[in-house]
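By written order: A, B, C, D and E. Residues from 1 in each chain.
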Amino acid sequence: MSLLADVFTIVAVLAGLVFFIAGTAGLLRFPDTASRLHALTKADHLGLGLIVLGLLPRAGGMGGALRLLAIWGLVLVSSAAVGPMVARLTRGPEGRE
Amino acid sequence: MIADLLLAAAILAVAVASILARRTFTAVALFIAYGLLLSLAWVRLSAIDVALTEAAIGAGLSGVLLLGAVRRLASRAEAPANPPPGAAMTVLIGIACACVAAALGAVILLLPEPAPSLAPQVAANLPTTGLGNPVTGVLMSFRALDTLLESAVVLLAVICVWSLTPDGGWGGAPGAAQPILGDGPLLLLARILPPLGIVVAVHILWVGKDAPGGKFQAAAILAAMWLLPWMAGLVAPPRIAARWLRLTVAVGPVVFIAIGLAGAVTEGAFLAYPPGWAMPLILVIEIVLTASIAVALALLVIGPPVPEP
Amino acid sequence: MSATLFGLMGAALVGIGLFGMLVRTQVLLRILSFNLLGGGIFIVFGAVARRGAGAGFGGDPVPQAIILTGIVVAFAATTLAVALVLRLAANQDRS
Amino acid sequence: MAEFLLVAALLVFATVVAGLLRVLRGPAVADRIMAAQLLGTGGIAALLLLGAATAAPALADVALTLALLAAFASVAMARTAPRQEKGGEPRE
Amino acid sequence: MDWGLLPVLAVMLPVLAMVLALPLGARGAERMTLAVLPIGLALAVGIAVVVQRTGAPIWHQLGHWAPPLGIAFRADGLSAAMLVTTAMVVAATAIFARAEFGTPPGAAERRQAFAFWPLLLAIWAGINLLLVANDLFTLYVGLELLTFAAMPLVCLDGSRATLEAALRYLMFALLGSVLYLLGVALIYGATGTLDIVLLSQRVTGQPAVVLAIAVMTAGLLAKTALLPLHLWLPPAHAGAPAAGSAILSALVIKGSFILVLRLWFGVMAGQPMPGAAQILAGLGAAAILLGSVAALGQARLKLLVAYSTVAQIGYLFLMFPLLAAVPEASEVAARAWTGGVVQAVSHAFAKAAMFLAAGIMAARFGHDRIADIGGAGRAMPVTLLTFGLAGLSLMGVPPSGGFAAKWLLLSAAIGAGQWWWALVILGGGLLTGGYVYRVLAAGLRAGEKSTMAPAPLAWSRDGVALGLALISVVLGFLPLAAFGLLQVGRLDLAP
């Protein structure tokens, strides 16, 4: 059981890592701001989500797990709110690109 | 170790970029990143309580305060400031600052080994306070006077900020009118985040007696949760003449002083808690102080009233 | 070890903040430099606290508590400075 | 297991620092905001991993606070970002 | 009988009053301040009496926690003398300020009135804290209390010039504060305590402590406005309302000065630094001469008084090399110490009186151009007399407090074999005479009455200012034995 949990953690955290690396790479390499925004949100949503998922079995009870999920939720909500605001900055006559 | 090196390098890079930035917005954006990284550094220094404070105040409230200033100053031409120092002077100042940093670094390397520490004394005396978190023990018992005076300083800062009210604004609601963006994302966040934040703040306050956390961190979070709907134009702050607002800011220090004086009467020393009463009294002080400091911090960020043009 | 590393970083931050305070002319950037400088000093103090780890604590709690108090006071000072700058700007607008 | 989590924390943090280059370089204001956001998220992830590795649940509280305040700060940033006229922001 | 609570109450009384001033509002705060003043004065006098009688400092451990874990209050002779001075000057300015910042019954709260009373109380609290706290970080909080309260006093009228002065002052003061804090961190790192008495035993010249004292002194000098860090002072002190200027010049800068004394002769009691002390006194001498010359050249009365402060601060630093040069227990050291402290006290009274007198004149003339104050001698003789008496004390003309101070410093300088400081003291006295005479001569000239406002704001204002000036003179009549109080608890005397 514990082995299974460990394997689960390792797989999920590794997957999360991949998304983080991909997101950062996108942020650095993509040519324009709009596509960088897309890359970033992937890292935000999935990278952290997978890591949270992987850590859930090790959270030590309901409280810890809830806290982890709350963190993920917070990041999702804030990124959902900030994303459009940032996107608006990149559009129209006032932004670059 | 690698992580620490990376972290230190990143912090220094952000700091340098921040003071060299040409635009104030960039500088402040970098400053917020600085605050985030600094709170990671505090974790690495095993100062979790400080990390919480840095995250809440250093990155959060300070950043928002400076951003607000950038926004309000952006509409006008920068005041004709003193001319910047010439190139030679800049180099000279740079060398002087480098010398200061170098001397400081040398002295840090020369600090005595083993390091003098009060940790054993704190550990020995912590049980009498009934607290599990040593930092809270220091803040609320061993060095309670500093905490008390600091709450008075925060209140004084509110008075000072209000004293800068321009003519015609006295008594009105504090802060400049916020631009109504009228768009979904911000409003959504301003509605969802505060209830969550309040739960988190109560949690941080409550765990503070045994684990990292406590009133300052909780108060900073609460202040942020008030500022967010204010920025979104959802709530208007109360007028500064409002009696309840002023009472809320004052009640924390007043209760603290009253309990301190009670200790002077019953125990013969200011801020001494009667045996067995330390923990409940500390809890009472923490709760009222959280309310007072939260309101005060928010008022400090909001600023003085601005009369309508 | 990390205490020393961060202590040295704090020393460097003090130099950087000092430089910014003396060289930048925009007041807002000076205030920001003041905060960088303050952060450096707190980190130096934090390194001192870390060196004093013992009795089951990861750091000496006394300086940690002092840093906490100091951060709040420094924040209050920052708000004062910002309020003053904004007030000055408002005055210049009117005249 | 703890070692694995520590290494993972380090890696996440390393990517975040790489992302930091974007904050430093800009050029557009939006890039800086996004990078700052990534810094927040990455910092949170690193903290969670570190907390799990060292069995320090208090780190999750730091992460929680960071998540709340980072959201707050990035909203303020997005709102304050200068909307300059044509020509955009000078590269720095 | 345990007198330990006296210093605690002396600090907490103004703190509590300041906190309550916020919900009470301007009118309530004004009445409460006036009610609290006699209590605070009584506490200060009580502390002085106890210290004098017992010949030992008053101790109190807060919360029964002994240093280094806890914080102790320690009121020695220096604290007692300055506590009484502070309480008297604060009381005088409070009475003086009623005409300007009072809120009549039924009137709406005004911004200036709302701010003034808590700021006054905060300065009182901050100074008292700086005088009795024995912990370097608690002293830092006291410093910040002073800085925060002093800044809005400078720009209470809200004009652009005063706002700029306030900003400049704030930048200096904040830099000073963080430098001080840096020193606190280093000292804790080297010694594991922040208690001054413990430090005086533990400090053995560790490099961290030496660097700490250097940066702390630099920071505190910026706050004390010792030349060349004085640039912020004249515009700030000249732009504040008269009551504010009086408090700022008489008391606030003394707060950081006392802290320098605590560092040099408390923390570093066992480690005299004669070389550095010569530099400090050299800066002081430069301040005396350059500040006085600058005062001579001022066209505006309040700026003249402000530059006079720059000069008088210089005298305070002449005691450093004298104390470093002779054995601590010697007669010369006692004279130097007493001279320095009496200078701080007598300057506080004289300068408060001067600023109040200048304020009265400025209020009646509607300006403070020295060239145009002709007729003041006839229209307000008491005010001019106040200015003159305070001037006598600043010059060091016998018999006055200023004379006692300068005489003690002079004889100590000669006793320590450093006669050059004696020349500076004499030269400074002559220059001071010059600028005081300028004002008196201008005021005694005939002038047009029509330019003056018909009546003063309140007669009590003249009375208060004159009272302060008289005290600064009467200090010179005190028998030398009375100054024995100042020797009580000198840490550099401890075995």
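Here is the rule we use: a residue touches a chain if its C-beta (ideal position, glycine included) is under 8 Å from a C-beta of that chain, and two chains touch if they have at least 3 such contacts.
From a predicted model like this one, the values you see are computed outputs, not experimental measurements.
Among the remaining chains, those touching subunit C and also subunit D are B. Highest inter-chain contact count (C-beta pairs) belongs to B-C.
Taking the mean of C-alpha positions as each chain's centre, the chain lying farthest from the centre of subunit D is E.
For the pair subunit A and subunit C, the distance between mean C-alpha positions equals 31 Å.
Mean C-alpha position of subunit A lies 11 Å from that of subunit D. Once the centre of each chain is set as its mean CA position, subunit A and subunit E turn out to be 58 Å apart. Residues of subunit E found to touch two or more other chains are 69, 137, 141, 144, 148, 151, 155, 158, 182, 186, 189, 192.
Looking at subunit D, one finds that residues 29, 33, 35, 40, 57, 61, 64, 68, 70-71, 75, 79, 81, 89 touch two or more other chains. Listed for subunit B are residues 21, 61, 68, 70, 100, 104, 108, 111, 115-118, 122, 142-143, 146, 150, 153, 157, 160, 164, 166, 186, 189, 193, 196, 200, each touching two or more other chains.
Contacting chain pairs in the structure are A-B, A-D, B-C, B-D, B-E, C-E. Note for the complex: subunit B touches subunit E at residues 100, 103-104, 106-108, 110-112, 115-118, 121-122, 125, 141-146, 149-150, 152-153, 155-160, 162-167, 170-171, 241, 243, 246-247, 249-250, 253-254, 257, 260-261, 263-264, 267-273. Against subunit B, the residues of subunit C that register as touching in their complex are 1-20, 22-29, 31-33, 35-36, 39, 42-44, 46-62, 64-69, 71-73, 75-80, 82-93. Per the touch definition, subunit A reaches subunit B in the complex via residues 70, 73-74, 77-78, 80-85. Within the complex formed with subunit D, the residues of subunit A that make contact are 6, 9-10, 13-14, 16-17, 20-21, 23-24, 27-28, 33, 36-37, 40, 43-44, 47-48, 51-52, 55, 58, 60, 64, 67-68, 70-71, 74-75, 77-79, 81-82, 85-87, 89-90, 93-97. Residues 9-10, 13-14, 17, 20, 23-24, 26, 29, 32-33, 35-36, 39-40, 43, 46-47, 50, 56-59, 61-62, 64-66, 68-73, 75-77, 79-82, 89-90, 92 of subunit D are the ones touching subunit B in the complex.
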